Each structure stands twice: as C-alpha cells, then as structure tokens.
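Chain nomenclature is as follows: A, B, C and D, assigned in order of appearance, with residue numbering initiated at 1 for each chain independently.
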Amino acid sequence: MIHPKLTCEFLNFKLNTPLVLASGIIGTSATLMSRAAENGAGMVTAKSCSLQSRPGHPNPVALDWGHGLINAIGLSNPGAAEEVNLLMATRAKLQPLGVPLIASIFGGTIAEFVQVAQIISRAHPDVIEVNISCPNVSDEFGTPFSGTPESAATVTQAVKQVVTCPITVKLSPNVPSIARIAAAVKEAGADAITAINTMPGMLFDVVSGQPILSNKVGGISGAALKPIALRCVYEISKAVSIPIIGTGGVSSGQDAAEMMMAGATVVGVGSAVYYRGVSALQQIWEELKCLYPML
Amino acid sequence: MIHPKLTCEFLNFKLNTPLVLASGIIGTSATLMSRAAENGAGMVTAKSCSLQSRPGHPNPVALDWGHGLINAIGLSNPGAAEEVNLLMATRAKLQPLGVPLIASIFGGTIAEFVQVAQIISRAHPDVIEVNISCPNVSDEFGTPFSGTPESAATVTQAVKQVVTCPITVKLSPNVPSIARIAAAVKEAGADAITAINTMPGMLFDVVSGQPILSNKVGGISGAALKPIALRCVYEISKAVSIPIIGTGGVSSGQDAAEMMMAGATVVGVGSAVYYRGVSALQQIWEELKCLYPML
Amino acid sequence: MSLPHALKITDIKIENGITKTFVLAGSLIAEPGQFVMVWLPGIDERPFSLADTQPLSLTIAAVGCFSQAIHQLKIGDWLWVRGPLGKGYRLPAPVHKNGLPQRTWLIGGGYGVAPLHFLAKQLLADGHEVSVIIGARDAANLLLVEAFKNLGVSLWLATEDGSVGQLGRVTEIMVSLLSNSANKPDLVYACGPTGMLVAVADLCQAHQILFQLSWEARMRCGLGLCGSCEVGNGWLTCLDGPVFEFNPLAL
Amino acid sequence: MSLPHALKITDIKIENGITKTFVLAGSLIAEPGQFVMVWLPGIDERPFSLADTQPLSLTIAAVGCFSQAIHQLKIGDWLWVRGPLGKGYRLPAPVHKNGLPQRTWLIGGGYGVAPLHFLAKQLLADGHEVSVIIGARDAANLLLVEAFKNLGVSLWLATEDGSVGQLGRVTEIMVSLLSNSANKPDLVYACGPTGMLVAVADLCQAHQILFQLSWEARMRCGLGLCGSCEVGNGWLTCLDGPVFEFNPLAL
C-alpha cells in the first residue's frame, strides 16, 4: 500500500494539519475563522477582498444541486481598509493556535490588485492569496486574469513587487492548459499555487424558465469538482515545483489522500463545511490518519 | 409556466425527436446506431474518426465515480477509409427511419482534419461534426484546437472549404471564454455548434497511489457536467445565432428542458445510455412531452 | 428539495391584518423549527419557518418588499421552496417510546408564533404537556390564536397595548407564572424577535430551565458557507441553528 | 463499488492445473451471471464472472497475460474490483414464494463453469431441481466437480479426450438426455465458449426449451458506452448481457 507524502508543512510554516480552510468559506469574521482553526484547519484563508466594499449579488446565491454546489455570492466584502481590521483581529486569535492566516485579494485591474495588496499588507497576513479568477475589466470579453499565461503572470509580478510575505496565486480550471498558467505565475514570482477555484456553471428552473442564481452564472464546487481539481493539481505539479494548495471537492480523508497523490502539498477544503459542518476539516484529518495509520 | 422552444428542427432537417445520440456513444457500428435511432434518437452521431486507425487506450478506460463518468477510451476508431463503409451502412439503416447521420472527425493537424473530412464525405453523412478537443500536435504544450479562437477557426475554415454538407464544430468547456471561441468558429463558417465535449479530469486510487485510468487523464461526462454545459450553451447562444446541439449531463426530460432554456436547439445525450440503457433517449423524450403537455 | 422546487399554492388563509398562511401542493419531511428558502424568480429568496409540513405551509407577515410580493400571490400561483434547512427544535423522547411526559412552554412573539403551532402539535402527539404564551404589538397582530385554542393547549396572550390578553410582554407572563414554583416547566421553546429571545434565555437561566431558541439572521447561502448569518461568536444561524440550545450572543 | 475497490485476497484455492479461485475480503450484492471488472494497477482490467458473492470469489483460468498476472498474486495481496456489472441470470420465482419448482439444466464449458456453481446454489435454495452438465478438454481442465458433488446436484461430465466422464461435448450429453422426452427441462442456463452457446441455443430452440446464455466479448468501458463488446445485431454484452435469453447472434 502506497501512502501519500503526508506533510504538515507549507512554505516555511509548520502546520497542525495539512488542511486549509478555502477562501470564501466562513472567512468573513475573526470568530468564524478561529472556529475553523479550532476545528482542524492547519491554515485559514479569509474571504477575498477588493478595494471597495461590495454587497454581493441578490439571493439566490448558492445551491446544492445534488452533485455539488453552485454559488454566486458575488465576492461580497467590506473593502480592503475594513478588511485590515478583520484580518488583524483574526490573526490575534489564530496566532496562539499556531494557525497561519492567508489573506485573499482580487481586483478588476492590475492597479487595483496592487493597491489591495498594499493595504492588506498592513495586517501582516502570513500569506497573501491572489485570486485571479475575476474578470479583467479592461479585456473586452471580460476574460478572467486566470485565463491566459500573460495576464496571470502580470498580476502575479505586480503583487509580488509590493508585498513582503509569500504569495500563492489561485488558478481557475476553465483554461486549455493550466500547466502553462502555473509555469507563468511561478516564473513571475508566485511562491505557491492554489488550485483550483470553482468552475463556472449554471442551472435553470424548468417551471419559470429562469436561471436559478440571481447572477445567472455561478461557480461549481464540491463533489463534481473533484476530478477536475485532481487533474489540474496533477498537471501543475508536473510543471512546477512550488507548493500547491490542492482544493476542490475534498470532503473525506480519502478525497484528501487523492489530492495529495495528485501532487498537493496541503489540501484546501470549502464545500465540505456545508456537507459535514464546521468540523469538516477535523473529520477529514481524522479519516486521513485512519487511512494511513503508519504515518 | 414557461416552456422551452421545443423544436424538432435542426438546420434543414425535420427530426423525429430533438434528441441526438452524442459522439462516441455506441457509435461504432451500423447496428448499434440504428438501435439508437429506433430508441428515440432524432439524429445519431458516429464515433469520432481519424485518418489512421487507433486502438484506443488500454483498460481501465471508463469509470462511474458517483457523480458522473470519466472516460479515456482513446478515440479508438478504424480509420477514415474503413469508417466510410461503416457510415454508408449506417446511413442505409437510418434513412428509412428519417434519422440524419452526423459523422465525427478529428486530427492532430489541420491537414489531417482536411484529409479525414474529404474521405468521410464519400459516405455522404448529413452533417459532419468537427471534434476539435484533441490536442494540436504542433503546439508545444499540446493545447487542444478548441483552446483558442484562432486554432478553432482555422480548423473550421479548412474543413468547411472541402465539404459540401453542413458542419457543426464541437467545443470544449476548458477555455476562459467559450463565447469567443463560438464567435470565431461561426465566423469561420460553422453551420452549427455542438457544446460541449467532456471536461478533463482525473481520479486516483488511494491504495495503489495510481491514477485509475490507464491514460491517467480522462473526460468527465454525466451529471457533474450538466451545469458546466448549461452555462457554455447559454454563453454561446448569447454570442451567436446558429443552431446548438446542447450536450452534457442530460439524462432526464427535465435536464433536456434546462438545456433548451439555456439556448440549445436540440439536445445531445451520451452518458445517460449507461444510466438508463439504450432507450435513454426515448425515455427522455417521453418525459419532456410529459413535462410540457401543452406542446 | 435541495434545489428550489416549484409548488402550487392550494390555499391561502388570512391570519391577521398582515399575515397569511400559504398552503402548498406538496409535503416535506422536516422537524419543527427548520426552515425553507422561498424563491420568487426575478425577485428574491428569503428564509421562512415551516408552519406545517403535511401539506407544506408557510405563515408569512407582509413587512417588506419580498413578503409583500408573496402576499400578492393567488391560489394556483407557483412558489419555489428549497429545504428543509438548518437544525430544528430537539424534542423530548415521546411518551409512547418510554419518554417521561415533559411540561413544555412555547413562547412566541410576532410571526415567531408560526413554527410553534407545528411544534405544539408534535409535542402533544408525543404525549407531552404544552402551554403556549404568545405576544404581539396589538390584537390585530396576534397570530394563530384560534389554531392554538383548537389544539386544546393552555394559552396565554400578551399585547403591548393591552388590546387583548395581558398588557405587556410574553416574558412578563413567564415571570408571573414562575413566581409559583409549582408551575416551573421542564423545557422552554421560544421563537420571536431577538430582544424577546434574550429575555427568555435570561429568565430560563435564572430559573435553571432548559431552553431552545429559534434565532433570526440575514440569510444568503443558507448552507453554512457565506458567513452572512453569523450571530454571536461564530455561530451560523443557517447551519448551527436556527434553533440553539443556548443564547448564541452569550457564548 | 462503481470505482475499483481494493480488496485483500484471503484465500486461494487451486481448482485445476490452470485455474484458481481467489477469495476476497469483501462481499457483494449481485446476481449469478453478473460480472466484475478486475483491475491490476499498471497492468490491465478484465471482466470476470462472480463465482460467489459472500465472500466475493473469482475463479480464474491462467490463459494469457492478465490472468497469469493474477495467478502470481498471493494471499494478502490486493485485487481491485468494480461492479457488479451487467445483467445476470433471471431466476424462476422461489418455491417458498409460491413459484413452481422448475427443472433446470446448467451447461458449462471451460471456466464458464465458474458462475454456474453460484447459480446452482441459488436455484437449490429457491427450491428448484438442478442438473449440471459440464465439459472441458480433458480431466485436468474440468472445474468445480467436487463443489457440484457437494451441492448434491445430478452431475454429468464430458471431456474431449474421454479422460473422465463421457467422451465428447456437453451438447452430446444434452442430446442423449433429451432423447427421453421425460427428461425435458423447463429452463437451460449455459456459460462457456461461443461455439458451445450457439449449439446449446440451437438444441433448446429445436426442443422448445427456454434458455439463458452467458455471453463473452471484449470489454473496455463495461458501461454500455464504447460499443466494443457488441455481439450480433447491436447487442451490448456489458449492458444488455452478459446473460441473454436468446441467441444474440441470431436476432
């Protein structure tokens, strides 16, 4: 029986567990994030934040469609300035637990990414995650920054230049070659890669004929995303040698083991918090230790 | 109650049902394809064929992972010359049933696509589906032809020039903007669009540590693909006005209705043949009529 | 019903000046205290407690945009429902399954009364003793009085203007009942505005009575992911609640 | 077990010179005649009939690369199994459920005998009468003779070299039994090489006996999608079969 390289290390951090609370999952308050840290999260990622505050989309914003979830929360956040306070309060709670804090940032332009990175840096997060899945507003088709090696690298380089902490760049699966994007962001200075963000999808209500999400399009996560995420992580791990936060569809110890076999250094968990409650990460960690008792 | 525009028309064809047997699904013999036609298929798509014969990948080649299927059959086919005989035999069986035949072609280079199109044309298929999900062998990263608007358009134009029947171009979901690809292939002469092909994925066995498919990477189809396909079809239908064969995750009348609400002209069905047997299309058609009895 | 399920409205009962009960063509397996998200395409999606499950019924007060839009609906119109979601009231073991008969008090304020009727029916069916104390601004805003009377439970009413029942709040009725220690219940269930819930919790803690509170918060995902329904120190109303067996603001 | 499931080998029984039965640490809910895909990572995946389900057992003849690789395995090694797949034998209603006792013949050739033992056990448990006719090239290749004897069924043996039982083929035994019309069975179940199956089908049709044949074909997906297991005019062995209640080459 082969077992995965089960490490509790990420960059220079020694972690309590190899499981990471994914961005946008109850990452909206210090109390919720510390609850995650007390329940099995080796690292905690805050909700993505932008320069200005955003209310997010109207309801419905999230659905369980039977084989996974779909959400279009709409990146609601209090804006970078307010987020600094939230991150500082969170850090104060996480530090005694030995749980590093990952801030998450996004913007519609490179300049915005840079500004948010600078503001957020005041909170001294342990890592900054650069969420490049949002559309580049200066691209006429609104292609996400994660969509081409060039735009992904440009954001990476711009952010890297203005921060002192390590950065991880979060990639999207809807690209023809994620290995190429990974190589580009690594080259541009990414210390790590988070893979993957949700896959864009849609659902319709057959009685009203309407898309169910108010935003029409949403991001697919959970079970349906797992094989996509495994393949992305595998391709990235063959292409670059920096650490990977393998994320997508993990909700059991077995899923986490698969993610590590695909090449993940540590494993991100999001939707499982719905399926298994806030202690999902703790449960996954127990299952992982059970699966590989020799570790 | 809103109902979808339920048409049984595609290009100039009047169809028995708006359901299309997807490529690669029992499209390997005249008898199997006529069985599909007798069981609810309004059109039948043959398995994709290349210039030379291909044995396909070793087993395991297909798996049910609980939320969908994953396959890496490896595009096994007898080669274009032999496929002509198969298509002619199939047409002879389908014509009395009033079921148009869609041939499917692919190649590793533009020249191969053109050659296959020319050879296959001898069988006088009603439509040729151009499967551009295969990697462009002359691209150093092996990006699929479906990966950029330019390569997708180049294949489309090259094939369109050498055939007399209408062509539909089959797109892949792993692109940052499928609308842009759709616009490019329409501009290049596509008469219709088939959306979507499978999404690349992977599964690991946690005991052996190995990818389960012999080819490691496979294509995800079935339930997990549905919201991705709906979103792709929706975006394409907003971007171009040519007919769409909406394909991905449809296995009930309700799924088919969603696909039409997303913008599909007719609906492709693949994995449902596993879930519901060869009469899957017939069952979906009955359910669709039940759902919208006013039609 | 993980996805919104379209159900036809089969009956609409007028409960009081601003409240209607919508009876739907469908039923649900759910516990009292759980909720559903109600969607009107193109308008919004909001949480509502289950007023009954067989058939599925919702008691809705018209207080703002969304609830007013629902009040526009007629018999035969569609309503979209997903759920049940959240954690409902935990019930004591039924007497017919060797549970001890429990003396329960159900405290409701405003439309918080809606889920209590469903709860009362269940408790009575399980062989427990049920007393109901409900309150509102005035007589016109009191809910389900007849329905509780029909169940045959002991019923106390409070209105802030004294137009019916006792003048004042439900907690004042509780205080006066508790002044006779023979009245002390085994279990208090409450649903209503935050202020009322906190007062009920305080009172129960002071008298060492077990209690369960159905909490309210702004719901977005309803799945325990987005964090928008957080109350107190990291409690998610949609996932950990809406029913809590403690005061989530205090823990 | 839709995905390959790793199971440990708990016992290996030598059946004859080229055949072993692998007993696995797990069980399956399945019908006689259904099959599983057996995977050895890095090697291949092939279909095998269920020789038993409690515990899961496979009787495998070492005839080529894959089956020889399986024969190398030891007790304690892993074997990966997905299934059950396909359509198994349809059984007559059990006598204890008011079915009529049926006279059944089970015809097996080569390792086709493997699923018949599981089938015989089931038929006997259901109260039916079971006769077994099995054949092989020679005595050394006969399968499960002792096992059938232990079940107490009527047993006829045929070998092509006459080394044991009757000289010749199983169909010759069938012909001689059928020459006495009092022997005529209600139902014939067969599993074995194609030539044998076709001969059995012809014989049954001539004598108007219902029959079920377990067919063989090259399997790839095992899910009814790839078309590689087609037999006759559009029949999928993995989905419509492997058991057919007609001769798929003839329909």
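Definition applied: contacts are C-beta pairs under 8 Å (C-beta built on N, C-alpha and C of every residue); 3 or more make two chains touch, one makes a residue touch a chain.
Just so you know, these numbers come straight off a predicted model, no measurement behind them.
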**OP:** Can you give the shortest number of steps from chain A to chain D, where adjacent chains in the path must touch?
**Re:** 2
**OP:** From chain A, count the fewest steps through touching chains until chain B is reached.
**Re:** 1
Original post:
Based on CA centres, what chain would you say lies at the far end from chain D?
Top reply: C
Original post:
Per the centroid of Cα atoms for each chain, what is the distance between chain B and chain C, given in Å?
Top reply: 51
Original post:
How far is the middle of chain A from the middle of chain C, if each middle is the mean of its Cα atoms, in Å?
Top reply: 37
Subject >> Distance from chain D to chain C - Cα centre to Cα centre, in angstrom >> reply: 61
Subject >> Sequence positions of chain A contacting 2 or more other chains >> reply: 1, 65-66, 203, 207-208, 210
Original post:
In chain C, which residues are in touch with two or more of the other chains?
Top reply: 78
Original post:
Hey, how would you classify the chain contact layout here, line, ring, star, complete or other?
Top reply: line
Subject >> Touching pairs - complete list by chain label >> reply: A-B, A-C, B-D
Original post:
Along chain D, where are the residues that touch chain B in the complex?
Top reply: 2-4, 6, 37, 39, 41-42, 44-46, 78, 80, 82, 219-228, 230, 232-234, 236, 239-240
**OP:** State the interface residues of chain A toward chain C in the complex, per the touch definition above.
**Re:** 24-29, 31-32, 34-35, 47, 56, 58-66, 69, 71, 73, 76, 203, 205, 207-208, 210, 212, 270-271, 273-274, 277-278
Original post:
Touching chain A in the complex: which residues of chain B?
Top reply: 1-4, 65-68, 70, 141-144, 146-148, 172-177, 179-180, 199-204, 206-211, 216-217, 220, 223-224, 226-228, 230-231, 234, 254, 257-258, 261-262, 291
